[in-house]
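Sending over a structure as structure tokens; questions will come in a sec.
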Amino acid sequence: MVDKIFEQTERIDKKIQDIQSEQKELNVSGKEDKYFENEEKIDHLKKLRSDLLDQCRDLTPEDHVYIARLSNRPHIKDFIGALFTDFFEQRGDHLCDEDEAIYGGIALFHKIPVTVLGHRKGRTVEENVACRFGMPSPEGYRKAMRMFKEAEKFNRPIITFIDTPGAYPGMEAEAHGQGEAIARSLAMMSHLKVPVISVVTGEGNSGGALALSVANRILMLKYAVYSVLSPEGFCSILFKDTSKKTEACSLMHLTADELYQNKMADEIIDEPLGGASFDPVTVYDELDRAIYRNLKELQKMSPSQLLADRHRKFRRI
Amino acid sequence: MVDKIFEQTERIDKKIQDIQSEQKELNVSGKEDKYFENEEKIDHLKKLRSDLLDQCRDLTPEDHVYIARLSNRPHIKDFIGALFTDFFEQRGDHLCDEDEAIYGGIALFHKIPVTVLGHRKGRTVEENVACRFGMPSPEGYRKAMRMFKEAEKFNRPIITFIDTPGAYPGMEAEAHGQGEAIARSLAMMSHLKVPVISVVTGEGNSGGALALSVANRILMLKYAVYSVLSPEGFCSILFKDTSKKTEACSLMHLTADELYQNKMADEIIDEPLGGASFDPVTVYDELDRAIYRNLKELQKMSPSQLLADRHRKFRRI
Amino acid sequence: MTEEYIDTDPFEMCKGCHRRSRRSQWESHYYVCPVCGKYKNVSAGYRFSLIFDNKSFKVINRGITSDDPLNFPGYKEKLRSVKERTHLNETAVAAVGKISGVKTVAVVLDSRFFMGSMSQAAGERITRAIEAADKHKLPLVIFSASGGARMQEGMFSLWQMAKTADAVEEFSRNGGLYISVLTHPTTGGVTASFATLGDITLAEPGALIGFAGPRVIEQTIGKKLPKGFQRAEYLYQHGFVDAIVERSELKKTLTKLLMLHGCKVTGGTPW
Amino acid sequence: MTEEYIDTDPFEMCKGCHRRSRRSQWESHYYVCPVCGKYKNVSAGYRFSLIFDNKSFKVINRGITSDDPLNFPGYKEKLRSVKERTHLNETAVAAVGKISGVKTVAVVLDSRFFMGSMSQAAGERITRAIEAADKHKLPLVIFSASGGARMQEGMFSLWQMAKTADAVEEFSRNGGLYISVLTHPTTGGVTASFATLGDITLAEPGALIGFAGPRVIEQTIGKKLPKGFQRAEYLYQHGFVDAIVERSELKKTLTKLLMLHGCKVTGGTPW
């Protein structure tokens, strides 16, 4: 459903933009009649747009999946740019290769040095290819582990951003130990002596998402989804039929609300109607406050308390 | 010089063998004259052989290099077979690939569980190729590091066997961080909390050898060599002339005696005239006693004493 | 304890060569096809009796059974019918017994139960087994086999990866010895958690071992996978498996490994 | 302190494009060729004045100079003549100063002295600098450049790898911050010891960085190496270098990194 709404809002936005640029010219040339006529048109279109988005109050889980995957949704680089300062990128696993599907480094968060990293899908086609649409190779998880270890050495809190269709299913990835890389990341994260906060911002699928989210706190954007597998994979395994996606999405309990109810998400970050891309700044603001609050809480804990806290979270499931 | 002697001894050995197999037949057929004639021949040949090997009392450093590289010299698998029991091979770096140029695992040494590993040159042509003649890739050093870490976890002493022309100079090796892999191995070995004994058995060249020999005790077989670079590389860098190898070998101070004098080798394991391949068992026996004695000494030390002991050894150079 | 299929047919077919062999034949060959050598999946009970002295062992954590955390349509019924058909009550079974005199905790994932998929109950059983080994300072052996996550349990299944990896890491930091044995097939979340975190990794010949399933990879890369890819032998070649061990040799190898890790084993060294 | 070449010619040639530029031009361009952008090797003194506040710093360990441990024919004489020609007394120079207010230990390997080859004295100076940083809990920055081992010192050169790696590991375990800056060329034993053990690894544009030298690799594989192989940009692409930093930006980057590691820097954040 939501895709239809977005198609229409996109058309309306385009129209509004066209008229708005016409208005600028009219303003100069002084054709007032036409000018006011246009203003009315714009008001009407904005009303239409708002009515349309109003329908987004009641979205299906499948709609959430759709929004979570939107390419104009804020990505890791947007979040780092908006929430952190003085970012310094770190590269490579120092073992085999650089994996662009994991992006991260050191930065300041409210003047606190932190390690920040996450999945990177890329925005342009070239970036998408370089990042394999956010599907990491073992090298990506090992790069993350390298950053985790350094964060621990320098006592830096860790903040991870989750947005991945899953680990990359390729031949080289398997040959280089995709399974073991994820397993080692889970094991390492479970025993990190520093605060770890994960934010699910888009889609968090399968072990590829979990590998970066063994955290003390898991925050989810309202329209983010987090699930055992992609809905498509779920369909093909359970129903041997990929057309049952709508049903699958409803059965999977993958929305932020459902995860919150199941005590897997600790907090939900509100999004405007239609999702973060309709007004990213308000999302950044709320996310900033939420991370800061949680971080301050976690910083009061000793290393062994942090470990125990994280252990409890995953042990009880 | 020694190559000429070995050529001749090889010919003599062949002759002795031929006559000896003839003797067996004669013994059955009863042709006594011929039989005793042959016995005399054998005695004569053995005298010749012994006189020839006698010339090996005074070998040049270049001769040592020649002997150290002999393909029939005992290799890592021979040493493991002779000195250890219950060997269990461990494979791979669990990061990228298996490197056959490093061979090792867990075994018992006088009923003590130890981690044993070293360079593997291979004996057949196929093995040589698979092992790159004992030149490890970064994966090989990372495999060694994996074994070091496990040895430390289970408090197993580590025994390494050094026999390498150096780390492999290839494109993929560089792309996968050959330098960093060696550096990490040096750093890790320097801080291992268990006893480490290294035995230089053949040629130990360059960082590729050092990466496995940051040990509490370094034993060297009498004809083993250990040097900053291969004599050929040394010639080409310093003299821009590879024909000056004889001179280079003399200048490099690479023999066991010279290293002992410079306090880099702690002990020299005697070899029979002509080298270990002429009587491996006596070498195994002496090596066994030497490793056992050193191990017992080291096992009396606490982890911090072991670290301090190793630190002192390399710090004073 | 027996969890074998109850079947009166004295013959049983091999899934590899489709030849039928006598049950007694299968048994004397450790359930490796007497004709083509293909490994047959075996029950937890059989595994235990194979490695534990006098076939004697105590099953632990058997009370933990699959719940239906998401109220997934039809799951409860399917669980019931699978339990009836297989005479199993979960994919993971844990037991304590002696291997050549060394008290050891062992876990077997039985792929006949929901294709060895990871459920909350299975994860809990495995975690408790690891915790028991940690508490009593016993060696741990896990025979993995899994088709992946139990879809019907969604995120509750996924998080078992973190839970079990955490438990193994804690066990390992406390100095515990964990031998992981990969059997056919070990894929998905099991491969990406406890199964690849062993101090020593063994595999049965021919076992499929990987994170992504072969079909998914083929769809992604758009071509057929080469023969032998993701098989135990391939992993051995690439150094992710220390040894490929015939089922008939398994107890010997475990005994040797226990001894090499300082355990006092009984009965000589017959390798 | 100055260790520049003494030369009266007001022009100096670029080794890249062979164009001659005025010394003042070179200087204002941080000794990066004003014509083609190729990086020129610079002295330790210049490096220090570039990163330390007010060009103020104290050289340490200067008393340690190369010995001739193997009595190598002609080495003493060569040492003497190189010292006279370059006005340097060893390849590694260490100093303490403040980077944007943060007291820091820095080491520079000057490749004009015996091609930056690692001698016992250089290894000792580097080790003492690391130990000083460890003792006084100061950050450490090392500018590496090396053609490899000092052949004339044989094994005494080789073992500097172990000595320096040991020192870095100890420093790191004690929580020290080490920023490694790789400059042209960093090869051989230096690459395989302290230079690749940094918490953060930076490189100058175009720097050759590798363990084996390109010629040795070409001889081994029997073909020409592709353009750009083993260059800083290649290592960045493959993730062994975190950032490639222009010389003019170096102090800014170091300041930022010090700040990100909790040091109190002065003078704002001008990046």
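As written, the chain order gives the labels A, B, C and D, with residue 1 at the start of each chain.
What we mean here is this: contacts are C-beta pairs under 8 Å (C-beta built on N, C-alpha and C of every residue); 3 or more make two chains touch, one makes a residue touch a chain.
Quick caveat: nothing in here was measured; it's all calculated off a predicted structure.
Q: When I count C-beta pairs in contact, which pair ends up with more: B-D or A-D?
A: If we tally the contacting C-beta pairs, B-D comes out ahead.
Q: What is the distance, in whole Å, between the centres of chain A and chain C, each centre taken as the mean of its C-alpha atoms?
A: Roughly 35 Å, centre to centre.
Q: Can you compute the centre-to-centre distance for chain B and chain C, using the mean CA position of each chain? Integer Å is fine.
A: Using C-alpha averages as centres, the distance is 41 Å.
Q: Mark out which residues of chain C touch at least two other chains, giving numbers and ranges.
A: Where chain C meets two or more other chains at a single residue, that happens at 172, 238, 240.
Q: Check each residue of chain B and list the ones that touch at least two other chains.
A: Residues 94, 97, 175, 177, 180 of chain B each touch two or more of the other chains.
Q: Chain adjacency by touch: line, ring, star, complete or other shape?
A: Here the contact pattern is something else, fitting no line, ring, star or complete shape.
Q: Hey, which chains are touching each other here?
A: Per the contact definition above, the touching pairs are A-B, A-C, A-D, B-C, B-D.
Q: Would you pull the chain B residues touching chain D in the complex into a rising list?
A: Listed in rising order, the residues are 167-171, 173-175, 177-180, 182-184, 186-191, 206-207, 210-211, 214, 226-229, 233-234, 237-238, 251-254, 259, 262, 264, 310-311, 314-315, 317.
Q: Which bits of chain A are touching chain D when the two form their complex?
A: Chain A residues touching chain D: 85-86, 88-94, 97-99, 105-108, 113, 139, 143, 150, 153-154.
Q: In their shared complex, at which residues does chain C touch chain B?
A: 172, 175, 177, 199-200, 236-243, 256-257, 259-262, 269, 271
Q: For the complex, give me every residue of chain B touching chain A.
A: Residues 94-97, 138, 142, 175-177, 180 of chain B touch chain A in their complex.
Q: How about chain C: which of its residues touch chain A in the complex?
A: Against chain A, the touching part of chain C is residues 69-70, 72-73, 120, 123, 127, 148-149, 151-163, 165-166, 168-170, 172-173, 188-189, 191-197, 210-213, 216-217, 220-221, 225, 229-230, 238, 240.
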